[in-house]
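Worksheet: one structure, shown below.
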Amino acid sequence: MPMIRAEFISGKSEEQKRELIEALTRETARVLGVREESVWVVLQEVEAENWGVAGKRLSDR
Amino acid sequence: MPMIRAEFISGKSEEQKRELIEALTRETARVLGVREESVWVVLQEVEAENWGVAGKRLSDR
Amino acid sequence: MPMIRAEFISGKSEEQKRELIEALTRETARVLGVREESVWVVLQEVEAENWGVAGKRLSDR
Amino acid sequence: MPMIRAEFISGKSEEQKRELIEALTRETARVLGVREESVWVVLQEVEAENWGVAGKRLSDR
Amino acid sequence: MPMIRAEFISGKSEEQKRELIEALTRETARVLGVREESVWVVLQEVEAENWGVAGKRLSDR
Amino acid sequence: MPMIRAEFISGKSEEQKRELIEALTRETARVLGVREESVWVVLQEVEAENWGVAGKRLSDR
């Protein structure tokens, strides 16, 4: 049943996204003691202009 | 006040999206005993490459 | 794969929560043309003091 | 540590998005008594066709 | 229609939560040019043991 | 900047939660090529009665 949601700045490669899903699934199943088949992972890519830290958009830094 | 968020793989038709909003609103209002006017529904379409099950991207299955 | 998240003010009965999960699953599967087994529903109960509309907490109205 | 997520109908200007990140950061830091550097803001723009109120899509109203 | 979600470590006062809802509503309405009545704010309080930064739980720092 | 959110059925031990934050942070930083200090992880524990699969609450299975 675990649901893992990963939000990060868009621009990562297909290979990185594939590996991130695999790694987050493996570690979640291992630590929580559940089957990998029961783990969902959703990647949410966010434009730098839509992510602010300390009041500034990452696209403006 | 209920807020319903529906996440699913992108590619559904306009008519399906219209009907999903209508159905989720109707059932939520009916079961929770609130007015339909007070129910918000947000649809979040996710690319198959960004949704993983059992460590694999749906686009890779 | 659809994930449905329902947020509402806490205080609903066990029976309402059971029926809401059933109804949201049924309608999502029907409209999107997927198996009910592939639909997850998560209920998120929010205290009235933590939900604001028009700048006022629902617990203060 | 605060994380602020703002969801709204797409179509706002770059300047509005910049100002919204700045204003939400400033007020969160002020009210919660934390440094602005510790506040993240993520803007989530939603198409009018994917946002329903009272069972109708905003794009259909 | 804007929905603002604020996540922060639990332990803030009732007065801070009331003021945060008011401030986030006011600024969102002002910047996006919408009525305050159309802005929802949900506060999500997170236990320090459930929030990690740099791999460490805030409760362990 | 990555934000990782892990939702799972409540009842896991303190040690599991500590290890999950550490593992999700490590793998996210490794795969996305960012510093661990820039990764936030939020754990969201959900009661079995509030999580439905195939229309049934996990607490009813």
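For clarity, chains are labelled A, B, C, D, E and F in written order, and residue numbers in each chain start from 1.
Note that in this section contacts are C-beta pairs under 8 Å (C-beta built on N, C-alpha and C of every residue); 3 or more make two chains touch, one makes a residue touch a chain.
These are the chains along with the protein names UniProt gives them: A, B, C, D, E, F = Tautomerase.
Just so you know, these numbers come straight off a predicted model, no measurement behind them.
Any chain bridging chain B and chain C, meaning touching each of them, is among A, E; the list is complete. Where touching is counted per the definition, the chains common to chain C and chain D are A, B, E, F.
On residue numbers, the B-C interface is repeated by A-F, which shares over half of its contact pairs, out of the options C-F, A-F or B-D. For this pair, chain A with chain E, the centres built from the Cα atoms lie 22 Å apart.
Between the Cα centres of chain B and chain E there is a gap of 24 Å. Computed from the mean C-alpha positions, the centre of chain D lies at a distance of 11 Å from the centre of chain E.
Within chain F, contacts with two or more other chains are made by residues 1, 3, 7, 24, 40, 42, 51, 53. Each chain pair that touches appears in this list: A-B, A-C, A-D, A-F, B-C, B-D, B-E, C-E, C-F, D-E, D-F, E-F.
Those residues of chain C that touch chain B in the complex are listed here as 1-9, 12, 16, 19-20, 23-24, 27-28, 30-34, 51, 53, 58. Chain D makes touch with chain A in their complex at residues 14, 17-18, 21-22, 24-26, 36-37, 39-45. Of all residues in chain F, those touching chain D in their complex are 1, 3, 40, 42. For chain E in complex with chain F, the residues that touch the partner chain are 7, 46, 49-57, 60.
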